[in-house]
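Worksheet: the structure to be examined is printed underneath.
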Amino acid sequence: MVAVAAVGALFVLLPLAAMATRVDWANFLALVTSESSVAALLLSLRTSVAATALCVVLGVPMALVLARTTFWGQRLVRTLVLLPLVLPPVIGGIALLAAFGRQGLLGHTLELLGIRIAFSTTAVVLAQTFVALPFLVLSLEGALRVAGTRYEAVAATLGARPTTVLRRITLPLVLPALLSGAVLSFARALGEFGATLTFAGSLQGVTRTLPLEIYLQRETDPNAAVALSLVLLVVSVAVVALTLRTVPGPAGAP
Amino acid sequence: VTGTSTNTSPPLSGSITVFAAASLTGTFTELAKRFEAKHPGTTVNLSFAGSSELVTQLTAGAPADVFASADARNMARLTAAGLVDGEPVDFATNTLEIVVPPANPASIATLADLARPGVKTVICQAKVPCGSATVAVEKAAGVTITPVSEELSVTDVLGKVTSGEADAGLVYVTDVKGAGARVKGIPFSESGTAVNTYPIAALTASARPAVSAAFVRFVVGAIGRSVLAAAGFGAP
Amino acid sequence: MTLAFSASLAARGFDVTLDVARGETVAILGPNGAGKSTALEIIAGLLRPDSGHAEWDGTALFRLDGGPRGAWLPPHRRGVSLLAQDALLFPHLSALDNVAFGPRSAGVGTDAARATARTWLAEVEASDLAAVRPGRLSGGQAQRVAIARALAADPNLLLLDEPLAALDAAVAPTIRRMLRRVLEGRTAIVVTHEVLDALTLADRVVVMNRGVVVETGQTREVLERPRHPFTAELAGLNLVLGTRTAGGMAADWGELVAPAASIVRGAAVAAAIRPSAIEVSLEPLPGRDNSVPVTVIDLEPRGDSIRVRADSLSADVSPGRAAALDLAPGDRVFFGFDGEDVSLYGSERPSTLR
Amino acid sequence: MVAVAAVGALFVLLPLAAMATRVDWANFLALVTSESSVAALLLSLRTSVAATALCVVLGVPMALVLARTTFWGQRLVRTLVLLPLVLPPVIGGIALLAAFGRQGLLGHTLELLGIRIAFSTTAVVLAQTFVALPFLVLSLEGALRVAGTRYEAVAATLGARPTTVLRRITLPLVLPALLSGAVLSFARALGEFGATLTFAGSLQGVTRTLPLEIYLQRETDPNAAVALSLVLLVVSVAVVALTLRTVPGPAGAP
Amino acid sequence: MTLAFSASLAARGFDVTLDVARGETVAILGPNGAGKSTALEIIAGLLRPDSGHAEWDGTALFRLDGGPRGAWLPPHRRGVSLLAQDALLFPHLSALDNVAFGPRSAGVGTDAARATARTWLAEVEASDLAAVRPGRLSGGQAQRVAIARALAADPNLLLLDEPLAALDAAVAPTIRRMLRRVLEGRTAIVVTHEVLDALTLADRVVVMNRGVVVETGQTREVLERPRHPFTAELAGLNLVLGTRTAGGMAADWGELVAPAASIVRGAAVAAAIRPSAIEVSLEPLPGRDNSVPVTVIDLEPRGDSIRVRADSLSADVSPGRAAALDLAPGDRVFFGFDGEDVSLYGSERPSTLR
């Protein structure tokens, strides 16, 4: 079993390591500190943080509603909410345009309100949120279901109002899952490419995030693309590794 | 047509956004820098993607001032949508070239070699611009290539060759030039039968028509010509 | 009545009516699966019955007689605190903060709540555990903290589900005493398997079996004059059910001589006999009012006596006597006892309880 | 809270609905039953099933090792194994090429063994497995940690050998998570685009999966692209909804 | 010795040496947090001590004296079955399949294993629960199934952690009897808080406190002559510790008259006095050998008597007597008893136990 696991791990790790061997280390620093690279990295970090915040704000209530209430059509809603997870991002971008673009469903309304979303940094954040939201909802809903309602029930009989229960029992209990969900969301937002390209475009400093920059560099300078990929990879690893405290290990013995 | 403007009554100022085909990434980055140097006070923002991607974005309301397409068909789509200000101007041409890894493992010399059994050839799918050019040269040469992959963009064709996965591919001359020593280009006689023309146009939505017009003139002008030629583009 | 409760839940075969007066402590006794925990969960608002209604001090806890869409007061507004059968301490809070949770929920500031919590931890002799997380507590330690937590919430109605079950012999009396003190004047329902808990803590007991109430009454009265075999077993008494006759009662295994209580002949009666009042002999005991032939099932050593369990009755004998008799399961022996050791009473309650 | 949840749900559902409004229903059937569309759909289904199987075979041991053992560098390995989740797929494709391509790390070895991966359906399956594997590992590892080792310990004291414990206790206990992980993997594999494009190429019936076909159609026939996107979406929803039995609801009261 | 066990675990302040002979049943008694469950978990192989060694019938269970990398037999190869303090029934299997799990793991076929399981379910009076999933069992029902499961595994060494704690009064005797039958000739360790369990099930008891063994010996001997306050509390005896004098012993509250046992003067002695042997009076009791002035702490009704707990001693009085005395906590009274009611013995074990 351990052998199979090792094969599986190698299957993932080998390509990553192989990519590292392709890096032109001599020019690495020059490649990744070019103006456009730095602009893209900074934009990516800013938008990913914003998208993660949005994911938390929207995702926590969604997870709570999905895990703690029952309503007609719940299963369908859950499935649909998880779709961006599995949708090719380009299609996600098309869908976002269809909703929020100038010719989209809400386009006219937004135009009247003087709001232009598509092809702005806001669009980047929305595209990232769209693809990253399911990660948060999924982690959190699972944790909520597993945690069950027993502690919440006890808290209620001790006189805690629902908001108190939420703040002092429910959220602390699922905090590890919330954190890891947020980290996954952040990382997914950081890596988002297809939906951003379609919905937000690729304008330096405004909408051209790191993955778009990498894609563009591939066209002209594959070395730079590989170097930047490595940067993206390292940033992702760092964020995931630093924040993703593992769920406290298997609790002792019975 | 001249690239020097002697009669700039009010000095140009403000920023414009140029949507340009991905294959223009290198040249337009260079041109934008030179334009800004020549007209202090102007800024040129560039957005690169596949031509058809860009048209989709523009019709969906992307704010842009100038569009440079890699083919006439996509420019026509935009014109049909009523977004083009005036007549597009052709500013460059591009032709196909055979591309092989530096060592040329399959010993490719002619277009017909690409059809040899055992040769792993990648080309563009017929629906994308470089693909329709490929169909044209095949027809002209009377060659039927059986590719191992019909890629969705010319970049992917080039990628398969630079990575050594494929023995040969058909890409634009400019791509071969851009890839430098990582590939070897092999010109072939039938390439002239499929000349791809690049048009550029200012857009109706432009908030700074003067700057947009100036940029279009700049690209079409002498400096534009020389930068494009250095990258391998032909004259229109 | 302060609490008037009546509910049924078909899925668990549960159908119970229960009243608790203000300041009264009621013990619920009953075998495993009788529905004791179910009753508490419904009162606390954690489980929704199919139908029924409950009123607490004039306000409706629930009123589901008109169907499942009736009135339903959420748990946190009931003023009811439940100590569940498993401690269920909040795993992310220290023992102290677990106990402080109730006061904090009532709006008390952190420091004041912690002070209250410290007092209650001291009451359950768990002061030294204040900083410990629940994961590191032993079973009985967790139970003590859970008791403190339930009490610290200062509920109007306190529900305790086997509060002393996991406690050690040394601490159980202390906590029982503490409970007795705090339950004084409070309204509470205590589920227990210990007759001692019922005696020390409860004014009244309710005996349940298979989802329904089978006996209820003053604790001492019910335990001294059990009408249900479970109650008798709990009270450590032999229970014989039968019909009143001239000389005593007719049990299904024969006639029982008992003092003439003022019960009409033919009435259903119950007789309680203490095991220690029964003499065991290998021969019939003509000198005794009753001499019952029985088959020994089991011998159970208990402290200073040995309980001889037979098919219909149990007797306690001294170790010396047991050795002399050389008893073994399967032996046929005679149980002898006098009429004056038999407590005879009507086996039907005046109420319509079954 | 419910209002925020509704906003969140709308944010995801609106674009999907908007896209549906863009479908040219008159020609829908013709568009989605064209030879190339059908070929792409069938290829997608075949490869996704294969990739899911591979994910289960590799992922279950990986999750077990990550959740049930401790070893030096475990946290780093876990982070790296999860990377494909957040890596832009195109970069994943580059990495796969660097490992398994003809000039990749293993290229020479594979060549000697007579194995050619590039431009084959195998490459598609590998690319899909690469991006989908973390979904399975993540769901399963989380469930394993939450389930804890208490039941396994009890089983061991009842004399069950480790394999018996695995078969009769561990796996049944996490079966819902395994199922949902497999479904997510399948859906992710179905939607995979970037890595396939880069690593496997795009040849009808061999490597051109449905997302690639959609991308291609977009060049010339946006209507067909939207119609096909809808097909992909519906297949994903169907698979997820049909198989993803929810974790048995919040267990009664305490 | 069949089991020779010695282990220490600093994190829990645990340091215990324990031997169990083949066929012997040992009861572990002790207050909450004493380390009883810890001992069982280490023996079962679920918890790794810092150091120590254990041998079972000649094979090493573990041998960690040379450090943590020593020999370690995995749990499933120990032939040790543990009934944990919480039932931990496999939630995805029916009660029947839970019980059948042990036999199936031993290689028995499904049908045969189920047949065995049915037998054991019948033993714990849970036959009707065979098809039920654990989630739908009440606390006591789950406990019964867990007992059946542990027994069905037919282990060489059976470890039971408070097996009867959650059981109702009606079923507890039946299951206690059944346990007594199956433990006959088996090697087992039972953790319990019930002195009755120790008396009926165990040949020998081990009393633990704060991670160490404080007493051990034959059950009756230990419970009749306790040397540790916890043991005395458990056995329901008053324990007085002091020094042997000519007329009896010197306790810290004065002189105690007791029969002249053959213990040298000055030796540390313990005295056990049954609460029922003590007379309570408002005046000194000069007619008694001992008349001790005490302060009443608490009155605890128990069945047919009332226990009067005072600062140093407890006495049982009849309800009538209690009413006549009109006792209340805080009252100063006299406890009187004769020398012959005092059981005096050395308080140091011959062994080096502390």
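Here the chain labels run A, B, C, D and E in written order, and each chain numbers its own residues starting at 1.
What we mean here is this: a residue touches a chain if its C-beta (ideal position, glycine included) is under 8 Å from a C-beta of that chain, and two chains touch if they have at least 3 such contacts.
In UniProt terms the chains read A, D = Molybdenum transport system permease; C, E = ABC transporter ATP-binding protein.
Keep in mind that this is a model prediction, so the values were computed, not measured.
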item: Path length in steps (a step moves to a chain that is touched) from chain D to chain E; value: 1
item: Chain pair with the greatest number of C-beta contact pairs; value: A-D
item: Chain of greatest Cα-centre distance to chain E; value: B
item: Chain B and chain C, separation of their C-alpha mean positions in angstrom; value: 88
item: Distance between chain centroids, defined by C-alpha means - chain B, chain D (Å); value: 35
item: Chain centre separation in whole Å, for chain E relative to chain A (CA means); value: 56
item: Overlap residues in chain B, where contacts from two or more other chains coincide; value: 56, 159
item: Touching two or more other chains - residues of chain A; value: 104, 150, 153-154, 218, 251-254
item: For chain E, residues that touch 2 or more chains besides their own; value: 46, 82, 84, 86, 88
item: Chain A - residues contacting chain B, complex; value: 97, 101-104, 107, 116, 118-119, 197-198, 201-208, 216, 218-220, 222
item: Residue ranges of chain C in contact with chain A within the complex; value: 44-46, 74-76, 78-82, 84, 88, 90-93, 101-102, 104-106, 135, 149-150, 153, 155, 159
item: Residue ranges of chain A in contact with chain D within the complex; value: 1-2, 4-5, 7-9, 11-19, 21-22, 57-59, 61-62, 64-65, 67-70, 75-92, 94-96, 98-100, 104-106, 129-130, 133-134, 137, 139, 142-143, 145-146, 148-150, 153-154, 177, 184, 187-188, 190-194, 211, 214-215, 218, 225-226, 229, 232-233, 236-237, 240-241, 244, 246-247, 249-251, 253-254
item: Residue numbers on chain B that touch chain D, as the complex places them; value: 52, 56, 120, 122, 125, 127-128, 147-152, 156, 159-160, 163-166
item: List of chain E residues in touch with chain C within their complex; value: 29-34, 37, 85-86, 137-141, 143-144, 162, 165-173, 176-177, 193, 195-196, 199-200, 223, 229-230, 233-236, 274, 298, 300-304, 309
